[in-house]
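The following pair of complexes shares a single chain, chain A, combined with chain B in the former and chain C in the latter.
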Partner chain A sequence: MIYDSPGSHFIFIYHPSVFDGQSYTVFQGKRLTNGEVLAYWGKWIILGERPWIDALARALDPHVEARRIPCVKYDREPSKNLGVEECVMMVYCDRRERDAVWEILAANGARMKAWVTERETMELWRPGSPLLERWMDSRGFDETLREAVRADAKARLGRVFEYPDEEFSPWEQ
Partner chain B sequence: MTITARVPGSLKAWLDGACEADCQGRTVGECLADLSRLHPRLQGRVLDEERGMPKVLVFLNGDNVMGMGGLDTPVNDGDEIALIPLAAGG
Partner chain C sequence: MGAVSPREARMVRVQGEEVLTASLTQLRSRARETGKTVRETAVGSLNLGVWPVSLSRNAPLFTAPEQARLLSARAAVAGCGGLGGFLASLLARAGVGALTLVDGDVFDEGNLNRQAFCFRDSLGREKALEAARACQAVHPFTEAAAVRTVLTPDNALDVLKGADIVLDGLDSVPARFAVHRAARELGAPFIHGAVLGWSGQTATFLPGSSIGLDAVYPVPEDAPDPPGVLAPAVAVVAALQCQEALRILAGRPAANADRLVFFDGESHTLHRMELAPAGARS
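Presenting the complex of A and B:
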C-alpha cells in the first residue's frame, strides 16, 4: 500500500504487514541481521519528475503487495538543498533478488541502472561526511544541534557494525 | 569499444540535451574522459582531477565503481555507465 503522510518528506510503499510490526528487511521470509544487511541489503535508485515517479509507484504497489518487492521510498519533492533536481525513488531489496526486481522496474520504464548498497549509504551519511554536513547546513543547525546529529549518526551506524548478529531495525524517517 | 553513458533528466545539459551518449575507452575513467571531450559541459563535473575521485556516483552496469576497481575498472563493449548526483544515493 502507498503510505503518503503529508508531514513526511518521503512517500512509502509497504506491505500492510509492516504496520503489524513485521520487518521489510527480509530474505525468503527471514529477518536479516545487521551483518546480513551490510552484506546484501540495498536499493535501485530511480530519478524522475514527480508525475512519472507517482505513476511508477502505482505500478509497483501490486508487486509490494505480492512481496516481490520489499519496500519503496520516494521523495515528495526534490532535495534541492542537497543538489538533486529530481525526485529520487529507492526500491529496496536483497542483492540476491535484485535482478528480478530490476526486471519489474525495467518493464515499467526504468532505464538507468544504479544499485546502492546499504553499506555505501551509511558511508555517505557517516558522521563528518560532506553529505551529512551539507544537509545540516541546509537546515541551519547550530553547532550544538550538529554535534547531537553527529553523535546520533555515530550511535546508529556503530550499532549496525558492532552487533552483526543482532536483527536489523530500520530507522524511522 | 563502445560504451553507453546515461544521466538523469536533470543532468542532460551535461550531455548537450541528451540523457544518453556513446563513448569509448578501456576503463571507466577513459570512457568518462572521452565523454568529457565529446561533451565539454561535463568537464569538471564528474571527476575531481586533484583527488582522482568521482564527484558524482558512477555505476557500471548498475554497480557503483567505487566498490569495484574505481575509475580503473575495465569495461567491455556494450557496457553501460550511469551517473547520478551524490546525494541521490542515500
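Presenting the complex of A and C:
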C-alpha cells in the first residue's frame, strides 16, 4: 500500500500488515536481528524525476502486497540540501533476495544497478559522521538541537551495533 | 501469457448466464509464473472472457472487457469519511482496480453514526489509511494508495494526478471547488456528492463541459451551520455517485452529466434537473 503523509519527506510502500505492527525486516518469514540487518539488509537505489518515480511506485506496490519486495521509500522532492538533484527511491530487501527484487525493478525500467547496505547507511548517519553534520548544517540547527539529534542517532543506531542478537526495530521517519 | 485461459477456466451459471471463471488460487499462481501482478493477470483473463470468481456476480451487468476496464482504472476519492468511506468501499467491491484515497483527518467518536470505516477500535486512526486497508482486504487485486492530507488548491493537482475519475466525498465547498478544478485540469470526470440531513445530491461534470460546480454552488463558501448527517442518506448518495463512476470507467455514457440529482430522504423521491452555466441563470 502506498502511504503518503505530506508531513513526511518520504512516501512509503508497505504491506498492510506493517500497520498492525508486523516487521518488514524479515527473511524467509523470520524477523531479522540487529546483527542480521547489519549483515544482510540493504536497498537498491533508484534515481529519477518525481513523475517517473511515482509511476514506478505504483508498479511496485503490488509486489509489496505479494511480499516479493519488503518495503519501498522515496523522496517527495529531491534532497537538494544533500546535493541530490533527483528523487531517490530506496527498495529495501535482504541481500539474499536482492537478485529477485532487481528483476522486478529492471522489468519496470530501472537501469542503474546500485546496491547500498544498511550498515553503510547507518555508519553514514552515526553521531559525528559527515553526512549527519551536513544535514544539520543544511537545516540550520543550533548547537542544542544538534546535540539532541546526535543523542537520538546514538540511541537508535548505537543499539543496532551494540545488541546484535536483539530483534531489529525500524523507526519512524 | 499473464492470464488464465478459457480452457483452464471453470464454467459457472450466474443468474442463468454461463460465465467462465478463474479462482484466486489460479490467478495468483499464474501471476507468480509470469512475473505479473494479480491485477494484471485478472485484467488479462477478463480480456479473454474469464472472470475472477470474486467479480463473477458483476456479469452480465458488465461485459468482461468493461470489467477489465474497471480493473485497469484508478479512481480518486477525495475525503474518506461519510461519503468517501462508502464510495471507497463500493468502488473496491465493484472491482475498480486502483484507488487513491485522500483524507487528512483521523476518526473520532462523532463519526461513528455514518462513516463506513469508523469503528470504536479505529478512533484516532487515519481515515485514509483505514479506508485503504479495508479496500485492499476485499479483492486481492485492489491497489489502494492512502494519502494523508487535506486537499487544497495548492496540492489538489499533485495529489490527484493519475486518476481516471475523481469522486467528491468532501464536506467543504471551497475544497470541492479546488478538487473540481484539479480534475478538470487532469481531464478526469468529477462526480460531486453532498448530504444534508435526510437528503443529498449528486452531479456529474465531464471534462470539457461548460457547466461547473458554480452551477450548484453560486458562492464557493460553506454554510455557516451545517445540519446533521444521517448514514442512510450518505449511503444513497454514495451509491448514486458510485454507479455513475462505474458507468464512466467502463466506457459507457454518463447517466447524469451536467445534471443535478437531488434525493429527498423524507419523501423517498429523486428529482433530476438540468444544470445551466452559472452566468446563464436569470
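To be clear about the criterion, the second predicted complex is superposed on the first by the 173 of 173 C-alpha atoms of A that agree within 3 Å, B and C clash if a C-alpha of one lies under 4 Å from a C-alpha of the other, contacts with A are read in each partner's own complex, and residues count from 1 in each chain.
The definition used in the following text is that contacts are C-beta pairs under 8 Å (C-beta built on N, C-alpha and C of every residue); 3 or more make two chains touch, one makes a residue touch a chain.
Because the structure is predicted, anything quoted here is derived from the model rather than measured.
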item: Larger contact residue set on chain A - chain B or chain C; value: B
item: Chain B versus chain C as contact partner of A:Arg159, first or second or both or neither; value: neither
item: Contacts of A:Ser5 with chain B and chain C, given as first, second, both or neither; value: second
item: Touching partner for A:Arg96 - first (chain B), second (chain C), both, neither; value: neither
item: Which of chain B and chain C A:Arg67 touches, first, second, both or neither; value: neither
item: Which of chain B and chain C A:Lys30 touches, first, second, both or neither; value: neither
item: Which of chain B and chain C A:Arg139 touches, first, second, both or neither; value: neither
item: Contact footprint of chain A on chain C as seen in their complex; value: 31, 35, 37-40, 98, 126, 129, 132-133, 136-137, 140, 143-149, 155, 159, 161-162
item: Partner chain C, residues of chain A touching it in the complex; value: 1-7, 16, 19, 51, 54-55, 58, 61-63, 65-66, 103-104, 107
item: Interfacial residue positions of chain A with respect to chain B in the complex; value: 44-45, 47-49, 78-79, 82-86, 88, 102, 111-117, 120-121, 124-125, 130-131, 134
item: Chain A-touching residues of chain B, taken from the complex the two chains share; value: 6-10, 57, 59, 61-64, 66-67, 80, 82, 84-90
